[in-house]
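What follows is a set of structures to go through.
One chain, chain A, links the two complexes that follow: it is found with chain B in the first and with chain C in the second.
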Partner chain A sequence: MSGEDDIRLELLFFSVGGVHFAVDSGQVAGIATYDGEQADDLFWFHEEMGYDGNSVSYHSPNIVTIRTGGVSSYRVIIDSMEDIAEFSQNDIRLFPPLLEVFSLRRGMWGVLPRHGRMVLLVDFKRLIREIRPDIN
Partner chain B sequence: MLISIRKKVLGLTFLCIFSIAAVISVISIMNIVSRGEERIAAYRATLLSEKKQQIKGFVDMAVGVLEKMPAEDARKAIKNMRYGQNGYLWIHDFNNIMVSHPDPRLEGKDQSDLRDPNGIYILQEITKVCRDKGEGYVNYVWKVPGQEEMKPKITFARAIPSRNWIIATGIYVDDIDVLVAKEHGIIKREVSSSILQYIAVSLTVLVLIQIVVFFLVNRFIAGPIEAITGVLKNFNNDLTITVPVTTADEVGEFARWFNEHIGRLHQIIGKVSGITEKLHSHVGAIASSMDHQSGFSTQLSSSVVEISSTMEEFTSTASQIAQHSQGVVERADKTLDDTKNGAAEVENLSFKVNDISLNIQANLSEIVELGRKSKEINKVMEIINNIANQTKLIAFNAALEAASAGEAGKRFGVVAVEIRRLADSVVESTGEIEGKITEILDSVNRLVMSSEKSFQLIQEGQEYASHTVSMLIESVDGVEETADAARQISLSTQQQQIASSQVVLALKDIEQGVRFATDSIYQTNSATNELAELSEQLRTLVTTFKIGKADGEQGTAAIQETL
Partner chain C sequence: MADSEEQLKSELILGELKKRQRTKEVVDVEEERVKVVIFMCGVNLYAFYGRDVREILPSCAISWVPSLPEYLPGLINVRGDIESVINLRHFLGEEKDDHCKCLIAMAVRGDFHSGILIDSIEDVVDIPLSTILPPLATLNGAARDLVIGEIEYGGETISLLDIGKLAALIAL
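The block that comes next holds the complex of A and B.
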């Protein structure tokens, strides 16, 4: 994540289980179709995000390959890719310090209002550090 | 107005005696009066006879003179003869021509027309009497010489045939009436005196007789009756008393018979007293029994009414049942016919259903084929959708690469965006098509399911129809039996209705009879109550009679022994 002011971010928007998320497109190495593959480096987004035990339906699952910068790969199955769009950093709102502690554990570092919705910004690298320390 | 026997007897006796005395008095008075009148008549006759003798004597004397004298001398002598105050003689011939008269104006004139105020032709009458009898008397009225008053006069005339003369003289007899009137007064006074004496004697005798009668009535009639009355006044229903018998006449007999009847009444009242007591006790028992019977009869009547009402309801219900059973019979017959018709219709229906089933099967095959082809279309759409998704994915990857490329990849990014939009629109279209196909498939599935279900239902219906036909055929016999049974039930119900109607009529008769009986009991009860009151009144009346030491007891005991 680029942290400098006036920096514009290219965000990939998707939704899982009715919740809208966005990730920096720079973290995404590629997008592929999910055809039922199972692998050690392939995770369901909702599991990674720790959805509250509820089963989530994926309508159009796709696999995003996250740039890890290391040997191991990290792929996440997401759903309903919507768009790739550019936003200003000023459009993004950070979580309050009280919640930031808990949200960063899941890689969520901010909120972007878009089209009347709250889009949660996910940092997969942080997420990997938090929950997949074995992936480097 | 109360008139005692004494007064009646005295009155009757007085009346009788007075009547007798009055009759006798009247007769006596009439005798006395008639004797008086006879005396007066005799007196009158005597006076008149004297007058007649007097004038006859004068005429005899004159005739003696005439016979001794020549005619002329005799005429003069007669003319001058006078007697008394106004007495004179005259001579007229048989032609009524005056020959000699103290009034010379009358001599030589025809005096045939000489008439008194009463119309008596005086000389004509005298002449007639002398012609018929030779002499006689004639009465007429004539005025007294020197006076204008007319007075009664009697004339004696004698015919002297030798000279063809009639010599006559008259005398006024008005003094006779005076003398007779005087004598009449005397006689009248004598008669009045006699009458008064007679009345006085009669009254005296009447009073004496009344006194005697009064004594006798007191002694023999009123006295005994008053004695009896005195006893009866103090009767006070004491049947032991007796009236005194003091005479041997009707009153005594009356008293004797009264005593005897009182004695008999004494016995009768004694018997009646005993009977009344028994009657009173029996009436009380009867009244009590009638009360019980009345209550029972009332209950019976109400029970009969209830039974009658119940039977009427039963009859009504039976009638309704009869009607309904008749209706059931009719419906059973109709049901039988309908069942037979139904069996035939169901059989026809079964054939039709079979045809429908075959038709549905054919349609089902077509629908299944349609569903299969829809699925094939869906597969194609899936392929297109996959291609669109892959295209979209490629567009996303292109956008990522364009973003990684920075400025150099901007135009590529635009292309990638357009491709993504195209892919989105393809996906959207395919999604719509897929949706439609899905809807079609859903409709087909539903139709297939419905058709299969309908086929199953038709199969089942066909089975049911076949089963129903067989059941209907079986039920025809049952319906026939049911119809027969319904007819039997209807007949039985009608008979039951008739029987219940007869029972109702009989109950009504019983009810009426019970009502009559109840009314009779009420009347009897009423009569019994009246009888009890009457027996009580009778007992009260009987106790008013004294028949012994204790009123009614002695007599009652005797009567009870007798009974």
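The block that comes next holds the complex of A and C.
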């Protein structure tokens, strides 16, 4: 693949419950500290992602506001942002076929091996389309 | 008394025995053999066809992924390739256990490839194809969907599992 074809992504890294995630910074409209607020457009990340019965603790919760492109807003509580870095599409691995059918339902579209960890790439727009079509 | 040109009875018998032996050797050589990997999963021994198992990995960190079914514990990184892992116990009706102590058999059949959690490798043996018997009619429900035959090993009857059936079961 030539350099001109290479799509680059700026990723925001965060973790929730010991699982590492990253989101394209272009989907994020803003980040704010979570102060205990409750609202109809505000969701806990672990609930959105289907962590099921696993208890999840947030050490430094933050609210990420996602650009929805519609009139409704969508905000997610995550643990603190850990890093921002740019990557090439060539750095990203596909989910194995057996898992992809499940991962895509929760907006997880790829895997980035980084620092010996597997970082799960989340597309919040896909997640909204899958589980909250009323917001789209 | 028979003359010396008449064939001795012993020669006749000897010739017949040697002929039989040669025939048996030919049969032995021509009989198709298959390699099977015998492993422990839960409290029972099972086997896979050796051709379906690419390698056995030592226990390694499995990265959990939200929203996966119980039989898919997560992802592993095999020399840069991201692979899925299947918890075989779920399909065999074996008791659940800690993944950390398990080995991972990398299974490949056509387009299907995945790690499969097993407890330990017991043996890898070549067996005549003819010694693989049809699955027992009394086999319990959980394992029945995966078993392609039965083999004898160390005086025990072991279920031979089919990777293709496992792939089909998961694809459902």
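Structural remarks
The working rule: the second predicted complex is superposed on the first by the 131 of 136 C-alpha atoms of A that agree within 3 Å, B and C clash if a C-alpha of one lies under 4 Å from a C-alpha of the other, contacts with A are read in each partner's own complex, and residues count from 1 in each chain.
Note that in this section a residue touches a chain if its C-beta (ideal position, glycine included) is under 8 Å from a C-beta of that chain, and two chains touch if they have at least 3 such contacts.
Predicted model only: the values in this text are computed from it and were never measured.
After superposition onto chain A, partners chain B and chain C are found to sit side by side with no clash. Touch criterion not met for A:Ser73: it reaches neither chain B nor chain C.
In the superposed pair of complexes, A:Leu120 makes contact with chain C only, with no contact to chain B.
Using C-alpha centres, the superposed arrangement gives chain A a vertex angle toward chain B and chain C of 50 degrees, stated as a multiple of 10.
In the superposition on chain A, contact is made by A:Asn62 with chain B only, not with chain C.
In the superposed model, A:Gln89 makes contact with neither chain B nor chain C. The larger set of touched chain A residues comes from C, when the choice is between chain B and chain C. Once both structures are overlaid on their shared chain A, chain B and chain C have a minimum Cα-Cα separation of 26 Å. The residues of chain B lying in touch with chain A in their complex are 389-390, 392-393, 396-397, 399-400, 403-404, 417, 420. For chain A in complex with chain C, the residues that touch the partner chain are 19, 46, 49-52, 93-99, 102-103, 105-106, 108, 111, 113, 117-118, 120.
Every residue of chain C that touches chain A in the complex is listed here, in rising order: 63-69, 72, 75, 77, 80-84, 86, 111, 113-114, 170. Of all the residues in chain A, the ones that touch chain B in their complex are 10, 12, 25-26, 28-33, 60, 62, 81, 83-84.
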